[in-house]
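Letters A, B and C mark the chains in the order given here, with residues in each chain numbered from 1 onward.
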Amino acid sequence: MTNKEPVAIVGIGQTHHVAARRDVSIAGLVREAAQRALTDAELTWADIDAVVIGKAPDFFEGVMMPELYLADALGAVGKPMLRVHTAGSVGGSTALVAANLVAGRVHGTVLTLAFEKQSESNAMWGLSLPIPFQQPLLAGAGGFFAPHVRAYMRRTGAPDTVGSLVAYKDRRNALKNPYAHLHEHDVTLEKVQASPMLWDPIRYSETCPSSDGACAMILTDRAGAARSPKPPAWMLGGAMRSEPTLFAGKDFVSPQAGKDCAADVYRQAGIADPRREIDAVEMYVPFSWYEPMWLENLGFADEGGGWKLTESGVTELDGDLPVNMSGGVLSTNPIGASGMIRFAEAALQVRGQAGEHQVDGARKVLGHAYGGGSQFFSMWLVGAEPPTR
Amino acid sequence: MAVAPQPDILKAPLVVEFPFTRSLGPVQAAFLSGLRHRTVLGVRTTDDRVLVPPVEYDPVTAAEIRDLVEVGDTGTVTTWAWNPAPRRGQPLDTPFAWVLVKLDGADTALLHALDATGPDAVHSGLRVRVRWAAERTGAITDIACFEPDDSTPEQIRPAPHTGEFEDGVTGIVAAARLDYTYSPGGAQSRYINALADNRTVGERCPSCRKVYVPPRGACPTCGVATTEQVEVGPAGTVTTYCIVNVKAKNLDIELPYVYAHIALDGADLALHGRIGGIPYDQVRMGLRVEPVWTEGGRYPDHYRPTGEPDADYDTYKELI
Amino acid sequence: MRPPIRDIAVVAFGQTDHRRTTEEQSEVEMLMPVLHQVLDATGLKTSDIGFTCSGSSDYLAGRAFSFTMALDGVGAWPPISESHVEMDGAWALYEAWTKLLTGDADTALVYSYGKSSPGSVRDVLTRQLDPYYVAPLWPDSVALAALQAQALIDAGHTDEPALAGVAARSRADAAGNPHAQLRGADVPHGDYVVQPLRTGDCPPIGDGAAAVILAAGDRARELCERPAWISGIDHRIEAHSLGVRDLTDSPSTRLAAENAGLFERPVDTAELHAPFSSQEVVLRKVLRLGDDVAVNPSGGALAANPVMAAGLIRIGEAAARIHRGESRRALAHATSGPCLQQNLVAVLEGRQGEDR
């Protein structure tokens, strides 16, 4: 066995996420996030050894392997460039691939970035290409996930208001995050609960928006962290887990891959009791009900206990286990970037740089992403102190 | 239990087509707006080279570059390739040369088409001139192509340009169509062919013995081929569902409707279908349903209640 | 570049027969036998593998998330540590190599597959190009390679008979490769597709898949009699626009080769991912390959070019030569993007004492 190099996050940047960035090219969009991360780290393009980029399906922008065209904008010319695609979890997976380059001592300082410019096409189209011989029954992701939400409600007896509580909380959190896409200043719980049912039991206000956006991070080794002008966040554990899309015995409500991924991260980080030892979570919640579902899947609550944590206010910004302080995917969803935003927001928290949505004293925060048919998971736990194991 | 026969292989066209809306950013917007006005812009790098077409970021230093300059519409071919059989979407529909052209005043070359009489009329070093499209919209196709020209190279230092034009564009619509022939492969062909006889035929994993419906060629947990065919259903149990209130494009189903996961009797996982023959708000988990086939339909049109008592939750909870 | 902190080797390689079409098989049906081949060769089961990584392209398949269905062939249950790159499988191997370096895993399964038969790959690849200035003109992959070939001819680096010679040698060598799609001395050189490139200068269009197993340290020695040790591997990218590049050179290949330690000692074998005959000319020059090096003994991409897998196959073929004792030190190269925009170089070595 080898001795892994500790990985520090010393630069974080994201775009102001909106429905359509008509003022920039795809290159301009990713550049903005990358430049902000470099500025945050007080580094230049010349300091970057390699670039690892991720996004969801190429059809979303209609550019095959767009990293080829983006090499110039990301200062990658003459450097290694890797392109990751693991469906919705890709933003998280991309960061983990970049982290391996540092942990494996291949490179000292790596730029990692994920993006989606959804306004170039229409995700509904990209997800629903007219494949012959398949019966078209649905379009978009909401209808795919709604039956699993119903199954969760049936399994746990959760009252049907829990989803609206999550949406109301995340939208209010987003008001404290200048980068969030949705800033619904007049949001009320009543409005969320009165919004139309799209895919019953999922209401309109309980779904994520379509965003243009990018997120970037600078990952570096101990030497790089020592030079960092601002306190770094340290990676204490990171893992990916995958299971098949559909299979006999699959638990869509609480997939085994998610449980295993979290267990691996906790093992690496020496976490025995996540509910007590982890201060906050940025989790991938594209539909509000996934907050209680993931609380259970990630071991913050026993089976059937997730909704009770949400309902009791534990996951509020001032609660005991804040979840999605940034407003989450429910407030911002540049699909390919959404996972990396979770990872980056977790790092912002332990660096004490989250601004108005900062959780006081956040020392260990989990970033979580998932994708495909609830089958691809990527997570990292970051801390304010370097790893001791 | 029959071993799967070699199926008639299914194939069908798959057209992937979309008009992508691309926002340009300042440099590309200036260049394409300029083309509309028969003006070719480049961008000057920090080390004083002129890139045409202009890009937003220096390919060498990664610096953001914004200093636009105007270059000539004549230039020199740096390399070429004769295209005897133009393809869909290419600039000319008669044989032409692909060329990289270094326009006068530029240090880099632009890719486009050259209208020439034949390969013998083309060589590197050939002088060429832009042939402007009659109708220009602010797109790279505003250059219809290049044509041979007898001008002499000009040693000019390109003059700065504001990049501002009347009726400037900020975006393009890039329509793209690709044609594929889709074939779903062996297992799915067997499944689809059986559906034509109104039978739902799954396949059993030789290792874990689970029955997959529809079969996808591999048992996803064991990673081995499924081969033994097993007819399942026709009836099954609704394991979970949602009520769809969102109209999907190209999908002619009246709203609201119920989209359900249905575990057919004998199958080890649920397939997806629409529930009909019952008010949408009376559908429930555990409802027993059966397929309703329509003439010529490849799939059951929908599933309707059988009238049996609902299945007990414990009998299907592992299939959710 | 720092030397790798862990010894990692290719211990098994498998590939399909590459064919013009595999319409009777879905992607997973095409891929799965190859996965079984490398697992059987090492005696490993999916659950023994520490990390899995694949490479493929949605655009080639014409479907979003096409890789999720291919995962069915792996048997990812219980859940596995797994990742995917939207790149040639050579880069999936690179990602897996970094994972093994961290010590988090001791073995990795790498696979990739591509079906070019469903679409028109010449046109599909135009979607890789600058979406504002170039993709709207639909310059196909042969046209771009032809521009590069003409630049090489103009610069005096090659001529059409020499290119025909590369093509003929590749197909003749492929006669010994049962998986190759185009093989033998009688493959016609044909007419111009885009002048100066003729049919024979272009790769065959076809479908195929490949898989590799990597293992670290002692695990590699347990799994393979003669592991093909990765003594160095690196990849580099260039600017995207053809008009800003010198098409007769490949600085990214040279840099990757330097970082992979290629020039420290001679190699006896080189598997180059040169889908067009003219690209071999560029690569031979920057990699400084003399006539004493066996270049593409498998026939290379001119004999079988399953897009997204052809680069991984170069690594696999080079490794297999070492496994068989036919090479001591071999170079493998993979490319991506128009006219060799992105290049990966791996140096593989057999070790003394592991010789037969």
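We take it that a contact is a pair of C-beta atoms (placed from the backbone, for glycine too) under 8 Å apart; a residue touches a chain by one contact, two chains touch by 3 or more.
Computed from a predicted structure; not experimentally measured.
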{"item": "Chain located farthest away, centre of chain C as origin (C-alpha)", "value": "A"}
{"item": "Chain whose Cα mean lies nearest the overall Cα mean", "value": "B"}
{"item": "Inter-chain centre distance, chain B versus chain C - centres from mean C-alpha coordinates, in Å", "value": "25"}
{"item": "Centroid distance [mean C-alpha coordinates] between chain C and chain A, Å", "value": "32"}
{"item": "Sequence positions of chain C contacting 2 or more other chains", "value": "59, 62, 69, 71-72, 76-77, 124, 127, 131-132, 135, 239-241"}
{"item": "Set of chain B residues in contact with two or more other chains", "value": "14, 16, 20, 22, 24, 28, 55, 59-60, 174, 176, 182, 184, 188, 219-221"}
{"item": "Per-residue overlap in chain A, given as positions that touch at least 2 other chains", "value": "25-26, 59, 61-62, 72, 77, 129, 131, 244-245, 247"}
{"item": "Parts of chain B lying in touch with chain A, wherever the complex brings them together", "value": "10, 12-16, 18, 20-25, 28, 55-62, 64, 170-171, 174, 176, 182, 184, 188, 192, 208, 210-212, 219-221, 239-246, 248-251, 253, 256, 259-261, 268-269, 272-274, 285, 298-299, 313, 317-318, 320"}
{"item": "Chain C - residues contacting chain B, complex", "value": "23-29, 32, 35-36, 46, 59, 62, 69, 71-77, 117-120, 122-124, 126-127, 131-140, 143-144, 146-151, 154, 192, 194-197, 239-244, 247"}
{"item": "Touching residues (chain side chain B, partner chain C) in the complex", "value": "9, 11, 14, 16, 20, 22, 24, 28, 31-32, 51-53, 55, 59-60, 78-84, 87-91, 98-100, 102, 108-113, 119, 124, 139-141, 172, 174, 176, 178-188, 216-225"}
{"item": "Contact footprint of chain C on chain A as seen in their complex", "value": "1-4, 25-26, 57-66, 68-72, 76-87, 93, 96-97, 100-101, 103-106, 126-127, 129, 131, 239-245, 247, 255-257, 260-261, 264, 372-373, 375-376"}
{"item": "Residues of chain A touching chain B in the complex", "value": "20-28, 31, 45, 59, 61-62, 72-75, 77, 119-122, 124-125, 128-133, 135-140, 142-143, 146-151, 154-155, 196-202, 244-253"}
